[in-house]
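The following pair of complexes shares a single chain, chain A, combined with chain B in the former and chain C in the latter.
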Partner chain A sequence: MDAIILQILNGLDKGSAYALIALGLTLIFGTLGVVNFAHGALFMIGAFCAVTLSRILTLSHVVVDSTKTDFLGRPLEVQVPYVYDIFGEATGAAIIDWAVPLSILFAIPVMLMVGVAMERGLIKYFYKRPHADQILVTFGLAIVLQEIIKYFYGANPIPTPAPSAFTGSFDFGAILGFDPNTIIYPYWRLVYFAFAAVIIGAVFAFLQFTTFGMVVRAGMADRETVGLLGINIDRRFTIMFGLAAAVAGLAGVMYTPINSPNYHMGMDFLVLSFVVVVVGGMGSLPGAVLAGFLLGILESFASMREVIDLIPGINQVIIYLVAIVILLTRPRGLLGRKGVMED
Partner chain B sequence: MFGLDKKDTMLLLLVAALTALAPFLLNPFPEGSAMAQFNAGYPDLMQRFVIFGIFAIGFNILFGLTGYLSFGHAAFLGVGSYAAVWMFKLLSMNVLPAIVLAVVMSGIFALLIGYVSLRRSGIYFSILTLAFAQMMFALAYSVLTPITGGETGLQLALDDPRILDGAVAANGNIPVPGLFGMEMRDSVQLELGAWVFTFNFGYYFSALVMLISFYIAIRIFRSPFGMMLRAIKANQQRLNYTGLNTRPYTLAAFVISGMYAGLAGALMASMDPLAGAERMFWTASGEVVLMTILGGVGTLIGPILGAGAIKYMENIISKINSDILHSWFAFLPDGLEDLLVTLVYPFIGKGWHLTLGIIFMLVVIFLPGGLVEGGQRIARLFKSKKTDRSAPKPQIEPGE
Partner chain C sequence: MSKTNLTRRGLLRSGAVAGAGVALPTIFTGSSVAAFTNEPTGSTVTLGFNVPQTGPYADEGADELRAYELAVEHLNGGGDGGMMNTFSSKALNGSGILGKKVQYVTGDTQTKSDAARASAKSMIEKDGAVMITGGSSSGVAVAVQALCQEAGVIFMAGLTHSNDTTGKDKRANGFRHFFNSYMSGAALAPILAKNYGTDRKAYHLTADYNWGYTTEEAIRNSTEAMGWETVAAVKTPLTQTDFSSYIAPVLQSGADVLVLNHYGGNMVNSLTNAVQFGLREKVVNGKNFEIVVPLYSRLMAKGAGANVKGIYGSTNWHWSLQDEGTKAFVKSFGTKYGFPPSQAAHTCYAQALLYADAVQRAGSFNPCAVAEALEGFEFDGMGNGKTLYRAEDHQCFKDVLVVRGKENPTSEFDLLEIVEITPVEQVTYDASIFGGQLGTCNPGA
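Right, the complex of A and B next:
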């Protein structure tokens, strides 16, 4: 029993990342009808927003500390971040420690801008072209973005730690009445799950309860009629693209402490996220979220030692296997709407 | 000739002449000169040109004719490579049985994967093939290590059985792949003044195989079967409504193009007897898509051009470093020189993929027909100019 709970918990954080990326993909597909292969790159750019901010915050200048000496007897040279000068040492240290959560504030405008620029600059010319062209051009864009990041940040993963308040682990077992230390779960993963839940909730609330969201939903159902009613639906869809980019970016920002960002993380997640979207049902937002968590949890179950002993290699292929079975038995996906991409 | 019409025969002969003379054509600059780095006439690179040419020709039979975009074609290349290396290990270093087994194995895999994937079309088909290829990659990398060699790849060893020709060559080393006594790495060098031309047996063997595959591709393009595939691309629904089952045709196209990929994989293993899982990774599948698009989807010569262009640029651009750049721009004033070098630097050397991505995007955006369409446009430009000059008066077009 405790093993099962542990696997479910383990699946949640990866599932959250899948769900967030798949949500963005589905938003773009549902509104603009574009298959965006560069969405993984947006996830990666978000992660590198966190890296950038923590680099900016730790920009420092050299101060000579005359009270201490180094091993050669010279006065010690200390690197002092500028943040210390501005906010004082205690607050400055706290700010640097909280660089990753602070990056959220930094990433939202950046990602919105990147998303809108991408839609206005490239994607809008591809609405009328076949899906194959859309796949190909966004695939090319993904390569370009990832190489630019590689040029500026290098090819190695860059460790970006979580705030020290979240470095420990949380003992679930003790709460649920199991032996202590049987079900432990890192705090940051818990934070990630909560964060994902908030973002997903916010996106759904935005679509469900605001006028803007209502118009967007109407546009998803019948773009032409909404346009005929005198609403500038294209502009709203552009904003939705920016929003989807921001969702992917935030998923990336918060994922950095779990997995050190490197330039190909976007591609790694992209393939899986597409599978998630297909399993959930093309164009269905709840489907994307559900499938994201489902596949994340399935993946973590498949990597249990007992399961691997039974079927070797299952942890590597389980997601693809599920996708194949779903596509062949229920082509519409778990919660897919009728008539969306059914050819 | 060979059942081709005049235009296709010309095309085939042109390709044959180009491949036969490639050691000369690709080596236009004298050895040791500043431009020698643009030479591509060395065996390793020329082999890659023709091998990826075969891969792209096969991919084009599927994507160019039926419009089904497979994102997992590298899987068949990998299967072909593994099969060929196993044949080298078990039977003989002769490449023919290796090629036969590779083509058969990749055909079987293509049949299985195609049977499942082709039940869906459009983006679902792309994702299904991608999923299958990723699955095969993951398995080859981990669980199937006894068969595939896992991370290190599948290599020849001294204690392999090699039933037909013994495990060890006369000199005590591992034997190299060959064809009835001729080794794939055999080369003849011809020195003409400052130029050095290399004629490699492996290259000419691969080139011959490519010409045969190219000929078969032309026959497929011109056959009723090819027409049917084009009809599927144009309007599959209408075909279905006329009571025609399209799936056998698409499946046949898929299997054929999978076999082409397996053939390319076998040749790759014949030139360098080693196979690794990274050949099946999805970026490798993306690469062949790029080649076909860059050359021209659905055209005969396009995939070969695209494969050549991409492999050439990959090799040449990744060799350029900042010193070479400095020597190029040396004639400029110092400040301008440094500025230009810093501007160009991200795109060369390790930045090759950036250049590739940009070229790819530009081609998809502005030239969906690839290099072939580009050539046609330029030709039309010249033609229309000529007609303008010869016929200044506007001609009245007869109504249709």
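Right, the complex of A and C next:
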């Protein structure tokens, strides 16, 4: 029982990341009809927003400490961040410690700009082209973006820790009456799950309760009619692309303490996120979220030792197996609508 | 009167065929005027540096390339000479190799066996490389080593830690300076027993490929011999990035030590996840929970950040060693590039010098003569103390470093501290235990 609860918890944070990326993918597909293979790269760029901000915050000047020596026997050059000079050491250290949450503020405008630039600069020329062309161009774009990031940040993962207040793990087992240490869960992953829930809720509320959202939903249902009503639907869709980019970017920012970001982290998530979208049903936002969590939890169960011992290799194929079963029984995915990608 | 069949057209045709035959690279011909593949005939000799320039190990590859460039500079008489000054063999004199200026070409292994073979093949066939060296993966090392054996050139392996490289997959043309999984296990186990006791329950997470298996086997064998019990060993996919679902059940298993048989990005992520789960703050079976990383690399320690603090592992070499060879190399490298070299850079630099020295002593670039000069060669002054290139399996035997993540690093390079230098006798094994056959040396041509 405790093992099952543990794996459900585990699946939640992985599912949160899948759900956030798949949500953005579905938004773009639903509004613009574009299959965006560069979406994983947006997740990665978001993560590197956190890296960039923590680098900006730790910009330093050199103070020579003559009591110590460096590896060549010269006096040690100690890097002192400018924020220490500006805010004092204690406040400066706290600001650096909270770099990841602060990056949210930094990433939102950056990701909106990246998204809008991507849509206006490249993707809009591919609206009327076949999906295969869109996949090729966005996949190419993803490779270009990750190579740019690698050029500036190198190939190694860059540690980007969570604030020290969130290190360690929470003992769920103790609350639920199990032995201590049987069900533990890192604090930051709880934060990630809560953050994902807030973002998902905000996106749905935005689409459901604002006029802008209503127009976008109308455009998703019938773009031509909305255009005939004199509404500039293209401009709204561009903004939606920016919004989807920001959602992916924020998912990336908050993910950095879970796994040190590197240039190909986007690709690691991309394929799985597409499976999530397909399983959830192309164009269905609730489907994307539901499938994200479902597959995240199933993946966690499949990596249990007892399960691997029973069916070796299941941990590597579970998501695809589930995708096959769901597509065979429900060809449009869990919550897919009729007519999407079926013309 | 004799009649000749010599016609103008016939002469041209046979001339063209003969010309094409002579022009063919020697690698394609069974016999030719050259005694061996890519025999250098001019005033220069070309070495092929096959390192990961793209892909996940690109940073490690870049450091290897820096080391090779430094070695070439030193071989050609430039710079301060580095470890050439401390190397016990004095055959090298800064005038290139056998009086020929050293040139080099580079290839990108991408840490993929097929790409690495293709780039090595191209350097041998198109650029005339007489020796191939480098790499940051055992899969690549084994693949390129086999290619060099077929092509008739020497392969001086870069960073490869699997027992197989000089075990079941060893080749007469291949040589490894780096240590291996067995040595890691033999060096680590006594330190682990001393610090964590002999009554421990270990849980292994193992990368699901060749190197992972040999490392798990080595660590299990040596820790179980010390009295530890292995509670479970779980294989994790090489492509895994989030290890939470593998780490969460560790505490439930009753284990009090987690051994991460992971390297590269796998190690960075699994260690980070394990620390996030707060494993190291837990007390299990009345003991503090501990984590062990059998193969440490400074570049990876950097990726894992503060998570490495206090965690034991082993390494081939570290820049903070205080022998003359290390000091000379760190000074040379640090002055040129501004930071200390990694263990990958060290092994590659040493391999380039060892090859050049063997050629110089053999008086020939012929791979068979070079192999003979390297086999059973004993040397010192290269940063690892007295070292033997064992003739039976072409594996270097030297002291192994047991290291620990430093609690209070003074810089981004100062991440590991040396806990013990395990003497070579403790990590030496019988050459036959891993099987495989060296075969005979192939000079190609």
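By our rule, the second predicted complex is superposed on the first by the 327 of 343 C-alpha atoms of A that agree within 3 Å, B and C clash if a C-alpha of one lies under 4 Å from a C-alpha of the other, contacts with A are read in each partner's own complex, and residues count from 1 in each chain.
Throughout what follows, contacts are C-beta pairs under 8 Å (C-beta built on N, C-alpha and C of every residue); 3 or more make two chains touch, one makes a residue touch a chain.
Given the structure is predicted, the values throughout are model-derived calculations rather than measurements.
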Identify the partner contact of A:Glu299: answer first if only chain B is touched, second if only chain C is, both if each is, neither if none is.
second
In the overlaid three-chain picture, which partner chain does A:Gly287 touch, first (chain B) or second (chain C), both, or neither?
neither
Kindly classify A:Asp70 by the partners it touches after superposition: chain B alone (first), chain C alone (second), both, or neither?
second
In the three-chain superposition, say which chain, chain B or chain C, touches more residues of chain A.
C
In the superposed arrangement, does A:Gly336 touch chain B (first), chain C (second), both or neither?
neither
Please work out whether A:Gln316 is in contact with chain B alone, chain C alone, both, or neither, and reply first, second, both or neither.
both
Identify the partner contact of A:Gly219: answer first if only chain B is touched, second if only chain C is, both if each is, neither if none is.
neither
Check the residue A:Val35 against both partner chains and state whether it touches chain B (first), chain C (second), both, or neither.
first
Once the shared chain is lined up, is A:Leu136 touching chain B (first), chain C (second), both, or neither of them?
first
Residue overlap on chain A between the chain B interface and the chain C interface 316
Under the definition above, what is the set of chain A residues touching chain B in their complex?
35, 122, 125, 129, 131-133, 135-137, 139-144, 147-148, 151, 267, 271, 274-275, 278, 282, 312-313, 316-317, 320-321, 323-324, 327-328, 331, 341, 343
Counting only contacts in the complex, chain B reaches chain A at residues 67, 69, 116, 119-124, 126-128, 130-132, 134-135, 138-139, 141-144, 282-283, 286, 289, 293, 346, 351, 353-354, 356-358, 360-361, 364-365, 368
Sites on chain C touched by chain A in the complex:
54-59, 232, 234-237, 239, 241-242, 244-246, 248-249, 251-253, 265, 268-269, 272-273, 276-278, 281-282, 284, 299-300, 302-307, 319-320, 330-331, 334-335, 339-340, 410-411, 413-414
Per the touch rule above, chain A residues touching chain C in the complex are 2-3, 6-7, 9-11, 13-14, 68, 70-72, 76, 150, 154-159, 161, 167-169, 181-182, 184-186, 188-189, 257-260, 262, 264-265, 268, 299-300, 303-305, 308, 315-316
